[in-house]
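Shared between the two complexes below is chain A, which pairs with chain B and chain C, respectively.
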Partner chain A sequence: MHRVLGDRRAIMILLGPALLLYTLIMLVPMVWSLGYSFTKGNSIEGFTGSGLDNFTRLLDDPAVHDALWFTLKYAVIVTAGQVIAGYLLALLYVFFLKKASALIRTLAFFPVILPTVAVGLLFQKLFQVAPQPGPVNSLLNAFGLESIDFFGNAGSAFWVLIIMDIWRSMGFYAVLLFAGLVDIPDEVLESARLDGASGLRLIRHIVLPLSLPVLMSSLIFSINGTLKVFDSVVALTNGGPGNGTTPLTLYMFQSSFTYSEYGYGSTIALLLTVVCLLVSLAVYRVSRRDNTES
Partner chain B sequence: MAIDTLHKTTGSGHKRPKQPPLRAARKAGGRLWVRLAVALLLVVEVYPLIWMFLTSVKSNSDYLNNSTWSLPATWEWANYAEAWTTGNIGLYVKNSLLAVVPALALILLLGTAAGFALQIMVWKGRSLTLLVFLAGMMIPPQMILLPLFTLYFQTGLSGTLWPLILTYTGTGLPLTVFMMATYYKTVPRELFEAATLDGAGILRAFWTISLPVVRNALLTVGLVQFFFIWNDLLIALTFTNSQDLRTVQVGLLNFTGDFGATQYGPLFAAICINVFGTLVIYLFLNQKVMKGLTSGAVKG
Partner chain C sequence: MPHRTIRARRLALTSAGVMSLALLATACGGSNGGGTSAAPKDFTYLSVTENTTTRTALTTLSTSTCKAENDALPLKVETIPQAQLDQKLQLLAGQDALPPMFAAGNAPALTKQLAKGNKVADIELELKRLGVLDQLEPAAVSTIKALYGGKLMALPYEYNIEGIFYNKKLFQENGIAVPGTWDELLTAADKLNAKGVQPFSASGAQGWPLTRLISGYLYRSLGPDALDKVDAGTAKLTDPEYVKAAEEVAALGKKGYFGKGVGSIDYDTAMNQFLTGKSGMFYMGSWALANIADPKQNKVGTENVGFMPFPAVKGGKGSIDQYPSNIGLAVTLGSKSFGDKTGAWVGCIAKNFGSTALKDHGTITGFKVNTPVKDTSEVAGTVRKTISGSKQNVLWFEALFSTKATTISNTSAPGLVNGSISPEKFMATVQDALGSQ
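Let's look at the complex of A and B:
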């Protein structure tokens, strides 16, 4: 009976358009972009071959080093922050709010769907110092502290960025991890309680190991997203002050479109892709090992 | 994975042993602690939005001269009209809709058809093809921007909204194909075999039988893709080379620069318009949105 379901013409009609568009928009440009890495120029002036120049430049460019370091620092801190804050929320939902948690869950989730540009501008104003101190500085003033010019130096701007992105996404990870926590059978928890485990010890020895798989998939998902951070940075600081908060994605964008260096931009994009693949692979391997041990 | 347990409640069947007074007291203390945590959470999540809204109806002098905590002295609803017309947010919203709606329709139609072909149809190489689609989720969009820019420039598509529509469709397909193929797993093949016995072609069966069966999934995937595309900045920033083509995100990003830095009310009104659009959808469809976005994250 598989004759009908194996109808080649039908398969072509159903799959063809999607495959064609996907190939044209994603696969071909990917290979094409690799080719750009060996050229100089842009689509308006034309391209000339430049061998490995872009790669040697990449290795020596201090701006690339800064951007790579910023990207990694940001990704590690935000990933840890998102997943830990999300896990704490999920524990709160499951063990303290129980049935009442649906409303809180829904409320805490909603920043996820807000446009990043809007959130970025909002946080700019929340943390602003002039012309009018925003709520955060007003709060500091109320406690008798001096206002802080958060966006005046890269260090504090970085932390505002971190706070904003954790604010945006902790509700998302809470729901993701919540789904893992409710899967833990009641009997397991109940028997652990009868054995005298409670509170932190219950969480440390029973709940945490059992939710390790879903924690790991959250980590992989989170690190993959945070390495590609772009919107938040552009909307909040636009890479500044100076280039103090410029990740690889933004540096690639500036090289390509502000300075019209397509070849160099493509090389930075390639570096970003390699970093993403390596980090995902590393996290994946670690998570595999943990799974087999426990 | 275990997304459908989202609504399941826990611990319904707990037997509660009689507690000694000390433990009961600690329990009450614990409740207070929980309440404080929830209150703090609510303030942190909700207050920024309330502040944003209140500021959007303040006049400039009210914003500059009074405390940032204060309520508006007068409610300046005109800020919204100002943002919409003088600030061009109306035009940007129209552009966004003109790019998002066709892209969404294409993604859903092509993605569902491909998911059907990859999951229900039986042929050699279908798992490999699915893997090829999956690979698309790993690639950072930066990897495809420059060649696409050249492509659109050379084909004369620059200067229209087509680059946005095509790029959104191409980048949205991997996740959609994957999610639809997963949903089709739950639909038995016999359903289609029986239908085709009655003489209907498999294409007809796809359209009239499979689409109604997966309509819930279509709504979920559609919502997920809607938020991705509507909130996108990178692609819109790359391919909108004139002010007339700006989407709402690009327009909002340039709002202060275009409009003069001193107009705070309209700026906040513009942010509000952008935020409340997505918020309204969330208000009505939040369970679907939560389910869709989280199941998109847990692939396999």
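Let's look at the complex of A and C:
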């Protein structure tokens, strides 16, 4: 084995095709997309160079500012919600339900396997006001409150989206964090209990520091996923009302494929890449520091 | 290590490498379909899934009056959801693989782009060559030319005028006369609302049924060239006289005249509200006559449905006999695949489609009706007479807008009527979208 892996030709033969494939389907389109950022036009009219026009437009475009702000706001709230709700569920599984947690784990995980479009339709019906009030508005009416047009303004539509996405994914993070929690040695917990730590103190001083690596992994997973949110927005609100719930990904998609502005769409994609890169770097730095401390 | 083992290992490594490369080549290789523009084997019609009338009527023709043309070049219908049409057309155009006949995009701007790239046949020239240009109604030709910068870039498989359908019974019960002015329309709406009847039904999910009210007001207050001026850049949607139209429509929403959650009301629900007597008025195009004629949908009875033009605005420059008109979702012909056999099909369609669509579907088209057909209802007769008697037609709010401005206008309209977007902000957003492309 050592002889084969020590042979340069063997390494090239083994890695070459995969590397070539990766280059062709990942790196080339990325560089290509970057190239498009300096062009204007579409597949019908052809492409012409436009210098830095797309970048100056990006800076002045109020729709980009709105979409960027929406993306960041959504990513922070949903990430926090997903990880906190997932962690609370995991604590529930490990410390309260213990061996009886299988059923609750399955039920909490169930929304993860549902197609996003189905979940979007489900929440549309739950929160709808017309043609018939949905269950949420019926409940409000039962308490003598007026129906709310949740999808009629950006503020309430945003919160429905947040609730939907946290509900949809908390089961996944619960399972991920559950795996981290069951790895904590029983002896450590037992000795902490003998030392008088219980309840919140046990969690704060023993469980939380010991599960920090898996918590950080969950955070990285979550923030990267939420910054690139697309399907759940399209399924629930399609970016509306107006552009009130339009993230950068959807604006990029609309610019490229609906408005035929491939160059500008690529520029928005570049902005999204930079945002993802900066956030990932920040999270990695924090996670490295914390791991060292713990 | 024995030589045989080394040789076998080398052979295995080399084979693995070759197979990986073969796999890669297979994955990266394209199919040999598309990209060609040779004479077509079929008369392919790329239609939107939502429109069933045109393709059904064409299928009927293929087995009756146009059978010979169909035998020479068989009709083949392909469908795609309307929301994905523009992307599909761009991809096909990029590969020079547009079919002989296709739905021409959600906004005229895309068709103009296709024509600029020589992807669309010169329909006027081809119809003249075939000797069937006179089979198109002049009003339909003038609407198409108004939409497409003076060129005949589409076939009028539909020809619609728009106005307000109203429930005669509800009007009579509440002592309402047919409104002739905007103020009278508001009074009628007040009366209906006071009696617990929703004055208007409209689909906010589609958006355009709301923006049509804005353009209706603009055409009546500023004259038939109101939106041409915006297109030419001599006026802006943010000018006070334009914002006024948005304010008037927003005021209807503020009073709750469109009902609750208008943004969630889809097209079918809005139609259903009107045809089941839950609302008094419904701004719509004449294509709704098919729904009105269907007793399964129409529970108020065809005799109780009336049609009126968009009312006049006091002191305005427009006139109520200037009806907004359109040709539905435009259908055009590809230039690369246009040949003798396609021409024969188009000639047969021009002579026979008008009668078939009216007889089988109650749809009024821009083709001449060469076989007399009886009107399905009184309201259908009124609309037909209005179409044939109309002298000057106007377009609609987004007719001359880019795809981007059209999308933004439609998606922002519910916000305008539910108060989450101010009239100034609505017009400014659409104007920005117009300026950004």
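Heads up, the rule we're going with is that the second predicted complex is superposed on the first by the 270 of 294 C-alpha atoms of A that agree within 3 Å, B and C clash if a C-alpha of one lies under 4 Å from a C-alpha of the other, contacts with A are read in each partner's own complex, and residues count from 1 in each chain.
Throughout what follows, a residue touches a chain if its C-beta (ideal position, glycine included) is under 8 Å from a C-beta of that chain, and two chains touch if they have at least 3 such contacts.
From a predicted model like this one, the values you see are computed outputs, not experimental measurements.
In the superposition on chain A, A:Leu277 makes contact with chain B only, while chain C stays out of contact range. Once chain A of one complex is fitted onto chain A of the other, the partner contacts of A:Val234 are limited to chain B, with no touch recorded for chain C. After overlaying the two complexes on the shared chain, residue contacts for A:Phe55 are found with neither chain B nor chain C. Of the two partner chains placed by the overlay, only chain B lies in contact with A:Ser217; chain C stays clear of it. Once the two complexes are overlaid on the shared chain, A:Phe38 sits clear of chain B and of chain C alike. By the touch criterion defined above, A:Gln254 lies against chain C but remains apart from chain B after alignment on the C-alpha atoms of chain A.
Once the two complexes are laid over each other on the shared chain, residue contacts for A:Ala130 go to chain C alone; chain B is not touched. Between chain B and chain C, more residues of chain A are touched by B. Under the contact criterion defined above, the residues of chain A that touch both chain B in one complex and chain C in the other are 4, 10, 13-14, 17-18, 21, 24, 43-44, 131, 257. Against chain B, in their complex, chain A makes its touches with residues 1-2, 4-8, 10-11, 13-15, 17-19, 21-22, 24-30, 32-33, 36, 43-44, 89, 92, 94, 96-99, 102, 104-118, 121-123, 125-126, 131-135, 138, 167, 171-172, 175-176, 178-183, 186, 189-190, 214, 217-218, 221, 224, 227-228, 230-231, 234-235, 249, 252-253, 256-257, 262, 265-266, 268-270, 272-273, 276-277, 280. In the complex of the two chains, the chain C residues touching chain A come out as 9, 13-14, 16-17, 20-21, 23-24, 27-28, 86-87, 90-91, 93-94, 110, 113-114, 116-117, 119, 259-265, 269, 272-273, 402-404, 407-408, 411-412, 414-415, 418, 420-421, 429, 432, 436-437. For chain A in complex with chain C, the residues that touch the partner chain are 4, 10, 13-14, 16-18, 20-21, 24, 42-46, 57, 61-62, 124, 128-131, 147, 149, 151-154, 238-244, 254, 257-261.
Residues 1-3, 5-14, 30, 34, 37-38, 41-42, 44-48, 51-52, 55, 63-64, 67-69, 106, 110-111, 113-114, 116-118, 120-123, 129, 132-133, 136, 138-151, 153-154, 166-167, 169-171, 173-174, 177, 189, 192-193, 196, 201-203, 206, 227, 230-234, 237-238, 248-249, 252-253, 267-268, 271, 274-275, 278-279, 281-282, 286-287, 289-290, 293-294, 297-298 of chain B touch chain A in their complex.
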